[in-house]
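Presented sequentially are two complexes of subunit A, the first with subunit B as partner and the second with subunit C.
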Partner chain A sequence: MRVIVRSFAAFLRAAVGTMLQYRGEIILWAIWGLINPAVLYAIWSAAAESNVDQTLAGFSRGQFAAYYFCIMIIGHFTTAWDAYELGYLIRSGSLSSQLLRPILPIWSALAANMAYKITTLAFVGPMWALFFWIVRPTFDAAPWQIVLGIVATMLAGLLNFLLGYVVALVSFWSPKLDAVGEAYFGIGMVFGGRFAPLAALPGILYQAAYILPFRWMYAFPAELMMGKIKTPAEALSGLTIQLVWLLGIVFVFRFGWKAAVRHYSAVSG
Partner chain B sequence: MRYMRAIRLIGLFTKVNIQNLAAYRFDMYMRIVVSILHLISELIGVYIIFSNTQDVRGWKWQHMLVLVGVYRTVAGGIRIAIVPNMRKLLEDIREGTLDFVLLKPVNAQFLVSIREIVIYRAVDVMLGLSIATYGCIKLTGQVPVAQAIVFTATLAAGFMIVYGVWLMLGTLCFWFVRVQNIEMVFWNVFEAGRFPIDIYRESVRWTLTYLIPLAFITTVPARALISGDMTASPSTVAWGFGLAVVMLIVSNRFWRYGLRHYSGASA
Partner chain C sequence: MPQIEVSALTKTFRVPEREGGLWASVRSVVRRKYKEVRAVEQVSFTVEKGEIVGFLGPNGAGKTTTLKMMSGLLHPTSGACSVMGHFPWRRESTYLRRISMLMGQRSQLSWDLPAMDSFLVHAAVYDLPKRAFQETLDELVTLLDIRDILKKQVRTLSLGERMKCEICVSLLHRPDVLFLDEPTIGVDITMQARIRDFIADYNRRYGATLILTSHYMADVTALCKRIIVIDHGRILFDGLLGDLSARLAPFKVIKIDLDHEADGYDFAALGDVLQRQERKIMLRVPKKSAPAVTDRLLRDLSVLDLTIEDPPIEDVISLAFGRKADEPQPAGVSK
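Entry: the complex of A and B
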């Protein structure tokens, strides 16, 4: 345990250093996370205003603004790219050296992930404030909802990171399967409530979204923070379900990782 | 004579690129799968939006299908020749290998614009055009033959604008060598063209029409293909064409200016 903590701290320091070195390029990655929710806010608020009662799926224009403001922030803190990257690490052979270390490669991936989120904050933070100021969202959240929303966002970040990593394990069997990362991302967009709030999903998509884990990564923390989830009981049961998913995915990871490493044969030096 | 030679060169580069592709077939299939996934997600998006509302600022689901198709067509077209060539140009400037291009007895701007042709991206164009045509048929009950000419013209104008933007971005690389990630900025802005610009507020719409002419790249061609009261007005089409010509001239001037600044690899 102490080894893990000390190594992780070292990984994190190194990763922050690397990110600061490439700060210009990293900011370019972060821009998408700003533009995409802003564009989706525009389409949904325009759609809501075309309806007679000025609302859509129970959201007014101001509530769409609040929802996408939350999604913008949650999207930043939950972002993970291992589903795309692990295949490349295997193809290029750089995973081999990571496997020699007495600590799982997932820890250095987690450190890089956290370093990205911390270092880009100085750029995206002011942009969030700007978006807030332009779109004037209607929030009706009490302090407890915001506090629990922050907890839910952190759990959501872990959830997306771990599930993405588990999905990425497919690349041990087929390292050129780039479509896996794209499909994982697209499914998260639709069923997580990033493209549209879950209440706006039609019939079968709505039912699928309630079974799949993605709503606990985006829609749940967003609805909590904007005040759509009214009772503490609802909020606490949501947090519990997040934890259950998290434990389940950790369990799958432990087995999946063992099987993957057993299957691993290095591609190149 | 000169034109024959240009066409022969394009043919030659296309042939070489197809031969290169044959060596990386799995990669090609994978990319086609990914672009089909993107198209599916865009169609699901339209389905979700219009299961909640009849129209968005005058755009009905059929109109939106046309726009999705046009967006895919343009995105595919850009990836056939514009982006791959500019990516190679940026790489050549950085590595210093642009010298080899400049030494050839062909116009340098022409040569840097035709070296890479990713022919399988035509799949995107075909899928996009099919979706757009389907949207038109659902709207009027017939294939939009009459609109096809204006549509092709606006589409060409859109590509000319994108090409001009890219040539200028590429030329910037003569001064700022490390701008290779500029491609990401381009696609990020392009993302806003997935939806009609009418959904944005006045100031954003103005910006996307005059400052960053995204409107002429997706919304205007889509409107040109749609008949009825949503169709693009002749003045809009003319504006787009004028802008395209201006972009070509300005980018050509800028390229030549940048080239005079280029001091070669060994400097």
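Entry: the complex of A and C
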């Protein structure tokens, strides 16, 4: 464990160093992360205001603002790109060097992921403040909901990273499968509540959202932080479900990784 | 007890194949054909601690695949391999900490950072004590003469400079077994020589076992007493470099310098004429008939100078690889 902590700290330092070499590119990615929820807020709040009761799926304009403000922040802390990246590492042969190290490559990927979130914080933080000031969200959250919402966001970040990595293991069997990353992102948009709050989804999609893990990555922490999840019991059961998903994905990763590395032979040449 | 034991190691790849053209392309969507390619077939050998063994073979012979199986990157289809008592493909961290694989065409360094940053990551990953890391680093930096480039971004380094940094990072944890896959590829002759000297020195200092593949014969002749020649996934020869020509190409090369031109003389009747330039002739003759041919040349012609040499190692190798796969293998060749 000590070696993992030491290695992770070294990976993190190196990844921050790399990110700082490409400030422009990193800022553009961060802006992309802001545009998406800002546009969706604009669409859904306009739709809500056009209704007679000025709500849509139980959300007023101010609540849409709060929801997408939370989604903007959660989106930043949960972003992960390994569903795309791993296939590239396999195709380019770069994974070989990582596989020869006495530590799993997932640790350096996690460090790179965290480095992005840390290095861009100084840029996206003021953007969030600006968005907040412009849209004036309606928050109905007590301090305990904010605190648990932060915990849920951290778990959501781990969940999305790990699930993306597990999905990316498919690349060991078919490394030119960029569609996997696209599908993962698209499904997460709809069933995670990023495209629209889950309450706005039609019947079967709404039910599917509760079975799939994506809700626990986006909608749940957002609803918790904006005060839509009212009771501590509801919040704790949500956190428990997040933990269960995490453990399940770690379990799948352990077996999936072994099988994937065994198959690596067929494509590494 | 040997440090590396490889027994009947076989690796088969399943690769898709199809005819050329659009129609074949469309057909392959519905019905894909696969072909089994045996990259390595029933390869067996042992390597003692501290040995330097050179793997020779043309492209696609199976050298790198064998190395990758020994390092744990690839799972074999069948056969066994033990390196320092470990089964490489289990990829135990205790094993990976004791080996290193330097791939001339793959980088272990972060291209966007100075090499020193990659060295620090390496020290953490291999859990090197600070003092030991600093001592090894100082030693390697001095030997490789890279102090001035440690702070430069890796992507701004020349190929030779980068290779030296790659070697440095590979050796920071002082591996007991080092797999070198084309370590001098792309670098100029001077740098090749320096890298070779350094590798030989590392072997002497630490008694490390080195397995080397290279297309540059000079790498092999300078570093390896023992070589394993591999082609079509099979071992053609495993033995001392000096015995290679005797086993695979039992020829001698006779070079003569004549007093005057011998226009009508039938050199081809004596052996293969490798070169004929005015009064300089080079003949390749079977080893057994070399004395008789020499005697005849001296009797028939006015010879100013005559030398008898073993054929260059490059020629021996190309003769060996020129032999078709279904031809019988020379005596003494391990299977």
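In this text, the second predicted complex is superposed on the first by the 265 of 269 C-alpha atoms of A that agree within 3 Å, B and C clash if a C-alpha of one lies under 4 Å from a C-alpha of the other, contacts with A are read in each partner's own complex, and residues count from 1 in each chain.
One rule holds for everything that comes next: contacts are C-beta pairs under 8 Å (C-beta built on N, C-alpha and C of every residue); 3 or more make two chains touch, one makes a residue touch a chain.
Since this is a predicted model, take the numbers as computed values, not measurements.
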Message: Going by the contact rule set out at the top, does A:51 touch subunit B (first), subunit C (second), both, or neither?
response: first
>> Looking at A:186, would you say it contacts subunit B, subunit C, both, or neither? Reply first, second, both or neither.
In response: first
Q. In the superposed arrangement, which partner chain does A:201 touch: subunit B (first), subunit C (second), both, or neither?
A. first
Requested in this report: Check whether A:31 is in contact with subunit B, with subunit C, with both or with neither, and answer first, second, both or neither.
Outcome: first
### Message
Which partner chains sit in contact with A:39 here, subunit B, subunit C, both or neither? Use first/second/both/neither.
### Response
first
So, in the complex, the side of subunit A touching subunit C is made of residues 2-3, 6-7, 9-11, 13-14, 17-18, 21-22, 93-94, 96-97, 99-103, 261-262, 264-266, 268-269
Seen from subunit A, its contact residues with subunit B in the complex are 24-25, 28-29, 31-32, 35-36, 39, 42-44, 46-48, 50-51, 56-57, 176-179, 182-183, 186, 189-190, 195-196, 200-202, 205
Per the touch rule, the subunit C residues reaching subunit A in their complex are 11, 13-14, 64, 68, 71-75, 89, 91, 93-94, 96-97, 99-101, 103, 105-108, 110, 112-113, 117-118, 120-121, 123-127, 153
In their shared complex, subunit A is touched by residues of subunit B numbered 26-27, 30-31, 33-34, 37-38, 40-41, 44-45, 47-49, 51-57, 178, 181, 184-185, 188-189, 191-192, 194-195, 198-201, 204
